[in-house]
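Going in written order, the chains are labelled A, B and C, and every chain counts its residues from 1.
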């Protein structure tokens, strides 16, 4: 009972933010990139709920438009590594032998590259932008899924139901995708929840370094960076975007924990 | 003479372990003809399950066949590519496992699991496959198949699960059924039902059965022939009747003594003291000698071969004395 | 380990060769003419087949040469080595601080399962794992650097003491990022140890809880932390790049970020290679420490 509660609370919190992001134009009438140099660095007021930034843009508006960018990229960035990692993990463990050791050597190599170093190097190649972020998260992220799925498959491979399926002479594809996949997928789905958090953190960090989503698009990482010089007076400029990320991370953690508890039953 | 369904000739299997190469199977041979039912009996670690896995190409990655031949319908398995081997095996044989819940996929409805082979291997239509599945369910004694078709394995009782597993095994219309202790996990009444089912299948459709177990009573119930396995070899083979009434190997003799006798009211469970030998070392003496009541210095000279004795085959230097063992052994037991 | 080093060299080589545009254009800037480009390409060896270039690249690494910076013509290796002490101190400081934070909290939580203190400690990873590195840094600057003015908020001192003083906040940032990960696995492994038969045996023998914690639990917990740290080393090293930036410290990470702005690709190549090497080396060291602490582990 308690596990479903965790799951629903997490999903509710995330869903609420997603709705706010989707209906952002209905919630605020400001434009997230429109500057108003007569009204910069205002404190919170009835007109500007979270004040204005150094260029006079409405901070509240930028926060919820930022949710669009960070959530959308964060969620979509894990799809590709998920698919690649799961497929290679399946292939590696299922084929075994040379295929397995070849894929595992590639995995080891990727593991040696710190994610941010890889991301920065890729930004160097493709230039800052969403494309670089997606490529970097894909290159850095598939490895974890590959390892998780591989170890699950190695265990499942020795289970009698897989032996039984093999013995009945079903085609290999059928055994792999109908019998194996549903039984080995759950742990990778749980991991995907925390991976979305990691990818949002990456977007934020790259945004902070000026290597992420190009300005002036509203994005939480670049908002932190823009707010840092004003930290003594307008402390909320850098603080609130970070809290938004913590909020997203918190709800995804709850979803992940809820899923774990549900799967363990 | 007709070609046997399966012929295993001098099979050897080695397993790589942390303590060295383990010779798990050291020359095992047998034939199965239609309608035959043989029981392979031994302690855990004797190699009986590995024998099945070797035949069915299910050995774990650290084990491999190092010698001997396996023929299915006269075709040598070792000469085939993995795909062709798998096809030949699944066209002719099927297996049921000790633990049905582990052998059934937890996330697929039982009906779909039974219908899978007709649908995806034999290429039948969806409705036809379902019809076949329902008739298989009826054949293995699952009543009310329509309503149970959509259940998942965990929603069934142990006996029903094993029936589902048998239905799946039969779905490919096999000629030989390999059974790896399929009744061990079941309680006695269910066990009897499953055995009755297997017996019917054998009598009605000429199914050959290879039954691996440590339970002598089950072999007595179902099989004509028995192979007693010890340390990777057969140490006594013969008809169930002969071996059970006149054991010619001390190991068989001890096993029979150790087994609870269902005919007697008192169930006394003897165990054979001592451990099975370490098969990572070369075998230079009779491997059973350290645990044997009849062992003499002769048993340390070499490993005895499987030779005719009475109506059976026995691998023991002292098998000719078997008629006296009952009195000898009871004296020893008293002395202890 | 050899295949990994080989893979790293291929990967870095591939990254550098995927960079669009000619290095000659970067070097010559406005003065590029086809003739000059050709000369430069020949000097750099870019007109030779890829496989030959790869062999030159590997042989240069073996000779300790990572090329020279396009920007100030200094050897890349020298630039990296100059910034090594800072990165090393940050890494060490971050790891030590995170153990100081995570270990007591995990013991506290595991010693009374389900109690309030356990609930509180369990909440730490749920919140902590979602905190952006840069934001934690900025918050620490706000709190300790500007409100209480205990620690410097940027730069790297000259004496050892001032250096330790100045890396405290960045190290704490790294520790705050790492602790949730550590706490999560430490708490779980300690609960497992406390439930184990050997701890029950010790209890039955009448050994005090304090001693059980010290002898049985702590040792195993430290082994567990080393393993967790080893697994997360790449994440840790990567986070340092970002943290150095927040505190405007001239470490290896900053070197790389600056090089990107100047399209100084020998430095990007050198630092990428260097980081990958550090990760491999640290993983090896954690394996050795693990083997030293745990008698069951045998090195192959």
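The rule is short, and it goes like this: contacts are C-beta pairs under 8 Å (C-beta built on N, C-alpha and C of every residue); 3 or more make two chains touch, one makes a residue touch a chain.
No experiment lies behind these values; they were computed from the predicted model shown.
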Would you identify the chain whose C-alpha centroid lies closest to the centroid of all protein C-alpha atoms displayed? A
Contact-pair count is greater, between A-B and A-C, for A-C
Dist(centroid_CA(chain B), centroid_CA(chain C)) in Å evaluates to 56
When the C-alpha atoms of chain A and chain C are each averaged to a single point, how far apart are the two points in Å? 21
Centroid of chain A to centroid of chain B, CA atoms only: how many Å? 52
In the complex, go through chain C and note every residue touching chain A. 3-4, 7-8, 10-11, 15, 18-20, 125-127, 129-136, 138-139, 141-142, 146, 234-239, 241-242, 245-246, 253, 256-257, 260, 263, 265, 268, 271-272, 275-276, 279-280
If you look only at chain A, which of its residues touch chain C in the complex? 105-106, 108-118, 120-125, 194, 197, 201, 204-205, 208-209, 211, 220-221, 224-225, 227-228, 231-232, 235, 238-239, 241-242, 245-250, 252-254, 257
Residues of chain A defined as touching chain B within the complex: 96, 158-161, 163-171, 174, 178-179, 182-183
Contact footprint of chain A on chain B as seen in their complex: 56, 58, 60-61, 86-87, 89-91, 93-95, 97-99, 102-108, 116-117, 120-121, 165, 168-169, 171-172
